[in-house]
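Residue numbering begins at 1 within each chain, and the chains themselves are lettered A, B and C in the order written.
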């Protein structure tokens, strides 16, 4: 099942490498690798939220803080010290893990609503911190930290290795009758190849993260986390070290946030303060809830929702029955807010749980037909 | 000939997935004092909460001929049933007088002031402390307050959940003596849930014993006192 | 001495707004133990409604009163439609719903009124009332603070001398016993939400009426963190605590602006978050709140 998903994504990637868009009515909706790469970044960050909110039950809403921290650390290492992006993870992961554990210390004393409060406050604080004058040389202040090559002005190089037959695959796909046209024309340009390569790399990193977390959940620490979520008192009574479990959960969530941040800045090319505001924290929560709290696929769906919906909302120029005025404002956040409310009311498990329910309805009928045959 | 005020039949109550009461049947007649005994976890509190509408139930609960099984608590109070919950259930931040006024919440008649005064006559200590917050009262005083508050709604049926809990024996004696007087003077019908079988049976008319969500024994109070099984289990042989 | 006085005076200006929004949050917290993250946006919407009514010709203070009533009704509807469905003990869905309302209300206001700053009617006379040496106290600050006090006294009277006020305090004190006394919980909570929204709208209106400010949809975003901190500092279930908390935060703001040279706006936010952290970690009941013991 995962294999077919991967194949599906690869096909999409080749189809929409650069300028893919879907047209509905008179609106063009962008679906390029740029968006998908952002979606991957958000998905990893939301995966972090799944760990701390979904599996450990702590209402920690400040993921944008770690998203931003990972982004800035990467940007600084890449821009000022010429590190390759992926190598920055060596610093980003332990760094964010540690900061997450430290910032998670108040969670040992504060619960529920109060924790939500505090973490939102911390998230609101992030842009302030990176704009501090004393940190200017690391963060580039209000203007942000550029990771593009200052001389040539192009994105920091992500050239795919020569053994990867990207051109050949592209040609092959273009030769498929009927649908070949969707895959573009001719061999891939340097920019397109670079995008493809980034997409593949990021997907691999993300896939690794998801795989690790899915193992974590089934393991003993994972069960401890879920016990804490379900009933702290019972968990403590059964011998689970609450402090340890919570702290590690925070650390993991923050590390994932940082990885997401690295992917984000690798894609966007610049780390700027307002990309990591408390609004971003809220949007990540939207992704978490819409995707489905406590599920892995929910993180993927959430990432896509965050990356695509606000963008598509502002791309919508006209829908026949909706007055123009309503489409010009911040419709993105309107829709995300509505999704949040509607889903919490009617589909508390998010899209992934609803999808599972639909799938189950089809799966259960099959064994019966086998029985009736014999 | 007394008439049946409260009639309960086939009452089942669940907390989430767990069924706590397995179809019990009992009744209370007008002007009676009926006692429900049982160990912890037998379902005594659940029974009272079922009557006052705080728990999911199936079966039938009839009060004065009307079915009250599916009604919300605020309707059941207005029908004439007042419930003094386990642990008193006072409003700790409100003053003693405010507690009593909340008790009279469903009333809009002119007699509230008079009732307040008669409550203060009965319990002078409440009058002394009427401007103090209820949370600052002792256990016994809070119990007096809780019962008085329930009476402010002028109920026909008073439900009392473990009134003796946490109180010194002398206070308990005085409390139950007062219950007897209330019943005799005002005609208030009472359904009392208690662990202190001795004192409860001493002043009740009839009693039931609840065991694991089912009624094990029932009968006249003075006969129950003499019953061997009950003596062993609840009265210490 | 002059400088200190000036700081005190400055504290009154913003502190009064934070206090009013904090009061709104405390009202809801008392009744439901819920923190309404959308409070600031509700207040902002209320202020915009006031603005619109004024533009349509209704006299200034009349517009404020009507705006307050309108936002109260709106809040009662919100409570009934969205909040009531959830178990008050389960914090996560409620937090998320209020976050959703935050986004939606903000977006709706921006769609209707756009982002261009608009002039809000001057509710109070302008100019400086008192000058002591170099310290100047404007009429605006005095009236803002005065409105705060008025609101608190009104709420105090409402809650202690009326039947529904008693019901509200009973529900805040013991939900189950309130049910057993026949209090209709839903209606009482709606009342609380309506009161809170009205207080919030007044707070936002006073804030916007500041002669140096103009109103636009993001006006309450920063105020939210300050107001939440003020409420926590004063004690989340204490109305007078909200006033003290608001003034304290206002004071902290004016002190921080004086002493820390870089980006004062941003640093006051940091100061507020630090205060929040300290309060929640070491003294969650704030100055005047009731202490609840939570042991594992």
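Assorted remarks:
Convention: contacts are C-beta pairs under 8 Å (C-beta built on N, C-alpha and C of every residue); 3 or more make two chains touch, one makes a residue touch a chain.
Keep in mind the model is a prediction, meaning the values are calculated, not measured.
Relative to the whole-protein C-alpha centroid, the nearest chain centroid is that of C. In this assembly, the chain whose C-alpha centre lies farthest from chain B is A. Computed from the mean C-alpha positions, the centre of chain A lies at a distance of 34 Å from the centre of chain C.
Rounded to whole angstrom, the centroid-to-centroid distance between chain A and chain B, based on C-alpha atoms, equals 57 Å. Distance between chain centres (mean CA atoms), chain B to chain C: 43 Å. Contact with two or more other chains is made by no residue of chain A. The part of chain C that touches chain B in the complex is made up of residues 163, 166-167, 169-170, 172-174, 176-185, 290. Against chain C, the residues of chain A that register as touching in their complex are 53, 57, 59, 61, 106, 109-114, 116-118, 120-122, 124-125, 127-129, 131-134, 232-233, 236, 242, 282, 285-286, 289, 293, 325-326, 328-331, 333-334, 336-341, 344-345, 348. In the complex of the two chains, the chain B residues touching chain C come out as 52, 54, 73-74, 77-78, 82-83, 85, 89-94, 98, 101-103, 105-106, 149, 153.
Looking at the complex, you find that chain C touches chain A at residues 33-35, 37, 82, 85, 91-93, 95-97, 99-108, 110-112, 114, 225, 228-229, 232, 262-263, 266-267, 269-270, 272-273, 276-277, 280-281, 284, 294, 296.
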